[in-house]
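Letters A, B, C and D name the chains as they come in the text, with residue numbers starting at 1 for each one.
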């Protein structure tokens, strides 16, 4: 099948190569960086020098997959394409777009007769080899038409055992892709996927933090353990209830350096956790864990919060408490049980 | 190797069978229920009629693995065994004991020269086939001596790819068992394992709740999706960042009935989540996600809390608000955006 | 001073009466319900039969205070007024409007030369007597011009002791009103006020819940207390660190009925908690407590969540656990410490 | 009435002075620091040089109030007194003792015929003037006998309006003290008081944090506000739903310095928050807000957590994400909306 691909970063480049190498698809590529275009041309892609050139080198009905950072650059590119493409063509946004932007864009493009498909794509830097788990939103007919593309990108069965009782259900799910619903549904489901991911990651993180701190001086000697967190991560990979790919990654990192010295402790977030919480609130669904996971990242990026200073100001006000000026939980600092509450 | 096994419920029975069938070990079994003893005798176990009988049928140094519900019954059995066993013998507690009880018991048994080993065991009803992931606490020499037992129960490599960089580390972790540290360390690590499990489960649960409620009438029509949660669970099993065994189980359940009608919504907890939070607090480690997961279970078991009535009482007090008497989020109830805040 | 008042519900009616009775202001009133208009006319207000009538009975520059439920009805009324009022006139929105709507509206009205002021108003049904705490957003000159109105509605010093060190600061704050900033700032600050309110309420609610449950059978007899929560609420009103108006209201409710039987347990939310969390997320500020308070209300309105059924499905999957079908924490249900964890 | 007072720190000293000055009680004082004894002797207390001396200077039945930091020093002092005092005497622990220690001690003292009373005391450094809000646990007869002491220490009505409907209830609550129940109940109720306090403080803290960050560059210009937090705290003191003593203290602190520069941001905790959560967990009561408040303090005392490094390790593993090395939320750092999510 023929497809255009705009945005040849790590994700777009790997998607292009997987389409060419595993699906024998014809991929017409463009990027503002000509080097990225050249490199993929050497892997069999058809190089172009502009969005117009992409359209020119594709036969109607054209399909252009955009793989750019969510936000202004994706928005601008779709806007530009909407003047270049023709009735019956299709734009696919494979990035991490906010699903409400999908809904808005599809409505605008519909007036020009241009189709829109949103693809939530999981798999990260491993997708080229493992395949991409895809959640697709759009018109049924159009999504079905493009099935060869999705089938190539998807991981396939991947050696994962079949779930019993799925005989009457959509077989695509077992290949690692689904048609999630109308436009927006793909990114919506992917957004929730990432929200879950935040919660899972934080659950592991808290657990390993508890293990790592099981030997602090503040604890009674008979209740202290010097836990080898690298071995713990490894052992949980086999036969335990909490085995997962995220645990595999954790075990790898801890095998290299079980103090994780190379990490600063600042943790970014990519937006999808925020949107998941907004969706939960719109639906009146309590989502404590996902929210706590996001807030832990926010906190990680601050030296101190104004909130904490407010707390100290109140404590000074009612109890005359003076807070420590240096990290009180640092090694050698006084033990919690020795804290002497003055009054409140 | 020879071992006694006391407590032949689902876990104890399966452990016995795995020891016999896969390790050719000699297992001397006892349970207060004679039927359970008989059944395992038919699988090759050596039947006994009492704890004394167990001791009599084992050669010194004896090893007795207790697999009973944590709490009084385990405590009583260990107390009884402490008068029956002799210096140099070993008691293994393979249940879900609170690790501080292990520490206390081991100190008492030490005076009689009896060894104590605590084994945190994960794997559930699948352990007979998959093997049991084990976290072991106790004296090094004694744990090493019993390695044949642990090696048989462990899952082995299980087809899980090796983690790079572990060459210099303990090879047992790659077989699914570790010597976690002195007495108590096994159950401590297992406790944290279960704490993590709570958080992971709640993260998935919240995500699927958000998907399930994406179609409620309160939402604007263009922002509603009728998500097939069974297909979503299935698709995430392949190539996605959040694939895991817990997700596999979720996909199975949703494939059978994607409304999960068979479940009441009440969710019990087994104690280890509570202890994990206590450990986090003792260590001054924030553990938001694990705690929120436990509290969600507490809340699931109540019709309404007194806390909620306090809230309503205040709202009536300052704003004259009257709360609904029937489920306001039930299908057909008024949409949140139509709520008319009166004053505060 | 002369002012129009549209929306004569509990809040609008009381504001009108306070303006007339305590400020001798001339208040031109309108409501879609003629009875509400008549009733206030008997208290000295100038009755009208339409928005046009309101405008006709006011001298330029006119000021019309709208006190309607946030959302469509407020939006429509402002839209209608924008065609009736003239350049130099002012619309005040005193309701619980989302502050971003203020910003949008003010921009639209500016093109017609009409001023906009947003007033976040706290005080509830007690405001008529106690006065209204007001947070005002708008142009400085216009806010200053309307000071006589705000000064009358504000509670004044109210017998609250002066805060030392405020000599150089805005004296209006000590009278119970502030000019919070440009348009939107009034409702923004009021929104945060309500977010805090959610957190405060939930903190008290949790505490009283812990007191109320201190006597459950699951606890060891020597650790059970039959706490008189009405007396506790009362005693904390005097000399304690947590005395507050919300506690006063709680003490009143508990004095009447310390089981709060009259409340269903369903707790609504008015939107401002949701917006506060959205603001926190936009600012990357962790807001755990306010969020947890909102989620507790969401949960109060559901019989069971899909999340909880997902948890049970997983527990059945890995451990064969069967959940209770009836409230396990109901009086007489088995104690938590008797729970028998099977495996995980 | 006659009473002994051991422990003359800020709290013990002020209690002594209030008993002498406002109740004309005879107070026999002791402290390991002779200067503290001398100073109170100048205010009319009867000085002693040892615990034995305290007992000698009191007539039977003796009452000794201990006001020392919770933990070992209080434990040791009570142990020493138990050999000095006689049958019929009473020990009062007015500190912040863990209520389960009260229960244990009272059982031990009962064998010697010595009574025990636990008094949870709120009021902090302001108690000398405002009086102390007291929650008292112990035998009814003994608590009633000592009523003159409690009545003197209590704040009395304090100008707080009476709660309607309390006619048939215990009048002591309106004077600021209650007999909460048997031994332990006093500290139990005080513990919950402090748990609530944690939640209240955190609610205010989060709200002010949201206000303080409403002007960050990451926000769209039309949605930014430069909020004067000192004025906001002040205005909420009058007529608002969230007025409270904690807000009064916050307003005072912000009036002095609205950036709170003098506070490091580290916030200690005194133990009672931890115990409140343990009680909630024992009772299966969800206590999200109180727990989140405690965890926020834990986090404030760490530069970075191991949990956060685990998160970064996972993000590097699945997405190749590189975290910032410097505070990304510092002034001038890139805005959240410019974050470019790569894949997950």
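Points worth noting:
What we mean here is this: a contact is a pair of C-beta atoms (placed from the backbone, for glycine too) under 8 Å apart; a residue touches a chain by one contact, two chains touch by 3 or more.
From a predicted model like this one, the values you see are computed outputs, not experimental measurements.
With contact taken as defined at the outset, chain C and chain D are each touched by A, B. The most distant chain from chain C is B, comparing centres defined as mean Cα coordinates.
Between the Cα centres of chain B and chain C there is a gap of 43 Å. Per-chain CA centroids place chain B at a distance of 36 Å from chain D.
Annotation for chain B: residues 122-124, 127, 197, 202, 204, 206, 209, 213, 241, 245-246, 252, 284-288, 292, 295-296, 298-299, 301, 305, 307, 318, 329, 336, 344 touch two or more other chains. Considering their complex, residues 241, 274, 277-278, 281, 284-288, 291-292, 294-296, 298-299, 301, 305, 307, 318, 344 of chain C touch chain A.
Against chain D, in their complex, chain A makes its touches with residues 9-11, 69-71, 96, 121-127, 194, 197, 201-202, 204-206, 208-209, 212-213, 245-246, 249-250, 252-254, 260, 263-272, 288, 292, 296-321, 323-330, 336-344. Listing the residues of chain C that touch chain D in their complex gives 100, 103, 107, 122-124, 127, 130-135, 154-158, 160-161, 163-166, 169-170, 172-178, 180-182, 184-185, 188-189, 192-193, 195-200, 202-204, 206-207, 209-211, 213-214, 216, 218-219, 222-223, 225-228, 230-232, 234-248, 251-252, 255-256, 276, 279-280, 282-290, 292-293, 295-296, 329, 336.
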